[in-house]
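What follows is one structure encoded as structure tokens, with my remarks underneath.
Chain nomenclature is as follows: A, B, C and D, assigned in order of appearance, with residue numbering initiated at 1 for each chain independently.
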Amino acid sequence: MRGAKQHLGWLVALLLLVVAGWLGAHVDPNAYAGGRARDEQERLRRNSSALAAMLGEFRTSLSDIMFIKTERYLHGGVAYLPHMGDLAMSAEELIDEVDEHQSEIGLEFLDHDEEGDVPTIIPTPERDFRGWVGNLHREVQPWRDPTKAHIHTDGRDLIPWFRLMTRADSHYIRGYTAGGFWLNMADPEAALAFIEEGIQHNPQEFQLYVSRGFLLIREARRTGVTTSDVELEPEVAAILERARDDFRKAAQLALVKRPDDVDEEGFGSGGWGSYHENDALAASRMDILLTRRLGDPDLANQLAHRYANTFPEMLEMLQ
Amino acid sequence: MNQARAIGVIARSVLLEAIRRKEIYLLIAICFALIGFVLSMDFFGLGGLIKFYREVSLRLIGTFTAVAVILLATRQLPREFELRTIYPLMARPVSRWAFIMGKGLGVFLAAVFCFLLFILIYTPGMLFLGGEIAWGLFLQHIYLQLLQMFVLTAAAFLLSLCFSKSGALTMVLLLYFASTLLSSISVSIYELTTPLGQGLLTILNYGLPQVALFDLSGKALHSELWSPLSLPIMAALTLYAAFYTLVYGTIAYALFRRRPL
Amino acid sequence: MRSAFHMAVWPIVRATVLEAARRKDIAVLAIFMVALLFVLGSARVVGLERPAAGTFLLNLSLTLIIGGAHLVTLLVAARQIPDEIEQRTLYPLLARPIHRSHVLIGKWLAACLMGLALFFSLFIPVWLLVPRLEHYETGTLIQLLTLQPMALMVTAAVPLFLTLCFPRGLAMALALLIVLGADYLVRFVDGFPLIWLVPNPSRLNMVLRYTDGIAPLSFWGWSALMLAALFWTASLLLLSRQLFERRAL
Amino acid sequence: MAKPIEIEELSVSYGRGRKRQRVVHDVTFSIESGECVGFIGVNGAGKSTTIKALMGFIYADAGRASMFGNDAGHPDGRRQVGYLPEVALYYPFMRAEELLALYGALSGMTRAQLRTRIPEVLQLVGLAGRGRDLLREFSKGMQQRLGIAQALIAEPSLLVLDEVSAGLDPMGRFELRELLKKLHQAGKTIFFSSHELSEVESLCDRVILIDQGRIKKEVTQSELKQIGSEQSLESFFIEAIRGAVAS
């Protein structure tokens, strides 16, 4: 009798655990796309406040902490304050940055004029009240005079962090886009699969399609010749078609999402930032270019006129 | 009894206690499991990556050793009173000075023991991944971490004589974990505060040891870019640690000496 | 005849709360939290020129007070059974005409109350101190405030159960891992069999959703989380009872 | 009416697997209402284990222990029991009267009852005026007095006291003996373990001698008196135990 009651107790407890686990696994209050915390422009606004810079080390999102870590890795451990250049970058700028780093590996010093004045978290001796304690701090921690030079390391070292930050938050778009480009250096196939995973979690985020489009173009270049003076081999054409589809999808999504009040610098309401604007532009432009390259100039013209409603400069591409 | 011998005997008993209690093994086991987990991680078929492994294991080694040392150090004096084991001890011809030195030395030896074990775990993992260990920076890092253990032990002794065991534990843990944040906050707000606030921050700057000064893991991690610290810097850091250890240790001793048993 | 709760459980709750409140470590934690609030309050003066910075602060302080409340709950709960056994105070306690499960429930409830007290006593000043300059959903706030006590209930039950299975140190480490890290654990070791069975109080944390200005969960989503918390708690308490009832002391 | 204590062929083991060791073997005895019984044995003889099994703190391999007809471990059995554990520390951060209020409430006393009863028991055990002190400040002897106070708080009809005089000074022992005598005269049943023979001699109606987990002898008060007149009680017990070892 007592034994039966004992067994029943274990059984009920396990049953409750299973039901609770099932319920918990199926409702995630933080599983929504977008939101202030995931918006780069929003993060920029926060970081530019004196207070947020002061508490900057105290990020509340694990993915954010890991993203900051990737930036530190890239700079050989030197901690810079969060700044415009790193946070808000369109897919094209990002891929350029990755290329630049790739060509630099092995160089110890590199001048970055545009980033030369980003302050470090450990301040320069002039701004540090701590005297010799500050001097020791600068010796022990990786630190470099922010007015002089940047150090860059191998971007491949960042890859684990991108994997983890997107695991921690599957709506962390920037983790997928930036991670995809760095991963592309080591393993192009894995990079495409990584962005694909991002798209599955966030089917409405146009930046992911733009990123994949650019990665596919590189893939096509690796496979064969893509310049306009030669006929495309079938497998190259197949890859470019996939890229075109991605850019078209991205352009459609972007034009729906883009607010009407975008200013000259590309900022608008609802968290629309310059990198959104640049990505939307790139998606439209690449859609037109690839459509034409793949042998459908009429459709390319139609597209240019359609996109010109939003981006008048698209009409220039017709000439 | 010769006081030096007394110190050795007391230190040995602390070390024995540390090794026989399950806590240290527990911490090491958890650390071991985590490092093993990191080693087994495979990112996109590229395998575990060396820097990731290096960062995670260095951080784990540092944090776990510090926690083990803090747990051990804050317990030493209060437990002697609680369990009344201090009476048979002090009934011998042992000075209180030797008693506290022995306790401190024992805790330090336990820290060395922890580090040795951790290094035994870390090195094969690194070799397994095919990475190189930059020995210069790595050994300097371990040396600085050991210096830090002196400071933490002295602080733990002092606080455990002023507060309850768990109160001291909380405060030393706070000192360890919040120190880096405190220094970065104090630098950023220095210019924004009033002269009174600036005075307060200056006192904090010199009154509290800064844990970040004993953490060379940032450079050890990116060892391809940084070279080991110069001898004068290492000497300055040693003096820095010695200063705080002496100050805290002396105050702790002064409190302990006058304390009725 | 007075109820079992009134006679057996409530005196234990009172004694446990009294003991925990008189210990200095709780006071140290409380002082730390109050200092933090002070910093946040003075932030109003230093530089909140941007509404986004206000949101950042709101998120930071809510996250910290929730973390603090869970930590206190966990520390109080994790100490109960090992302390009672070590100090042999369990004997005079169990020599009374009460069931062992009454002791468990009393200890659990006391840990919950400590956490709740800390949570609400800090939530109110944060609410008054941090300027809220952007749009936030009231519905989400109500869900946050209803789910958090439930999460604390789970957090109190986790170490109680673990200290009955493992030595104190290991139980504490595991409880910390579960309470603060289960959500990440579930995500990082994605695909690990049965990992979803780990109780996950951080699942009930709606701070990000609230400070992001996102609309509340559907009624069903909210109910599912409330139920999940209830079942986690019930399951852990029942498991603890099963272990404790037949244990030789 | 059921007897206050009944133990039948009780066996208890400690440890697990190959390390499992039986420490109490087939112990049988009972105690009548109003009796005062001493439970005597050397250190490690099985006194505390038997008492713990009786209180339901550990579980028997075989046999049965009951209080007032309720099996060990059942709360109803503990309704009229006051218990003093072997070596106990009480919550260091509580005050003496808070501790007594806790235990009293758990025994079902109302707040009004506690208000009058707490000063009474404190007075009884010689701690009058110390009710507001934190227990961490109490000496070992004071802790023991407090332990007796908590056992008496709910005016139980049965007292189970494990090593009742441990930590008390001669004055404390004398006062305790007087207290127990008074309680016994008032009709309480008392069952206590001790290795203090003088205590047993002056208080008990009956003595149970346990060694290596087995009951060796039961001696009534008249027998005790007889032994006392012929030889010293001490040598009688030493002989009893040595005899057991030899056999």
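Just so we're on the same page, a residue touches a chain if its C-beta (ideal position, glycine included) is under 8 Å from a C-beta of that chain, and two chains touch if they have at least 3 such contacts.
Since the model is a prediction, treat every value here as computed from it, not as a measurement.
**Q** In this assembly, which chains make contact with subunit B and also with subunit D?
**A** Shared contacts of subunit B and subunit D: C.
**Q** On a CA-centroid basis, which chain has its centre farthest from subunit A's?
**A** D
**Q** Quick check for you: compute each chain's CA centroid and the global CA centroid, then name the chain with the smallest gap between them.
**A** That would be chain C.
**Q** Express in whole angstrom the distance between the two chain centres, defined as the mean CA positions of subunit A and subunit C.
**A** Computed from C-alpha means, the inter-chain centre distance equals 35 Å.
**Q** Mind checking the centre-to-centre distance between subunit B and subunit C? Centres are C-alpha means, answer in whole Å.
**A** Here the centre of subunit C sits 30 Å away from the centre of subunit B.
**Q** Give, as an integer number of Å, the spacing between the C-alpha centres of subunit D and subunit C.
**A** Their C-alpha centroids are separated by 40 Å.
**Q** Using mean CA coordinates as chain centres, what's the gap between subunit A and subunit D in Å?
**A** Comparing mean C-alpha positions, subunit D is 73 Å from subunit A.
**Q** Do you know which subunit C residues sit against two or more other chains?
**A** Each of 23, 46-47, 246 in subunit C touches at least two other chains.
**Q** Residue numbers in subunit D touching 2 or more other chains?
**A** Counting only residues that touch two or more other chains, subunit D contributes none.
**Q** Which positions in subunit A touch two or more other chains at once?
**A** Each of 50, 55, 58 in subunit A touches at least two other chains.
**Q** So which chains end up touching which?
**A** All chain pairs meeting the touch criterion are A-B, A-C, B-C, C-D.
**Q** Mind listing the subunit B positions that touch subunit C in their complex?
**A** Contacts found on subunit B: 22-23, 26-27, 30, 163-164, 166-167, 169-171, 174, 189, 192.
**Q** Within the complex, which stretch of subunit C touches subunit A?
**A** Touch list, subunit C to subunit A: 43, 46-50, 52-53, 55-57, 59-60, 63, 134, 143, 147, 184, 186-188, 190, 196-200, 203-209, 211-214, 217, 221, 224-225, 227-232, 234-236, 238-239, 241-242, 246.
**Q** Report the residues of subunit C in contact with subunit D in the complex, numbered from low to high.
**A** 2, 7-8, 10-12, 14-15, 18-19, 22-23, 87-99, 246, 248-249
**Q** Which residues of subunit B touch subunit A once you look at their complex with the stated criterion?
**A** 41, 43-46, 48-52, 144, 180-181, 183-192, 198, 201-202, 205-206, 210, 212-216, 218-219, 221-222, 224-226, 229, 233, 236-237, 240
**Q** Subunit C touches which residues of subunit A in the complex?
**A** Touch residues, subunit A against subunit C: 6, 9-10, 12-14, 16-30, 32, 35-38, 42, 45-46, 48-52, 55, 58, 60-62, 164, 167-168, 170.
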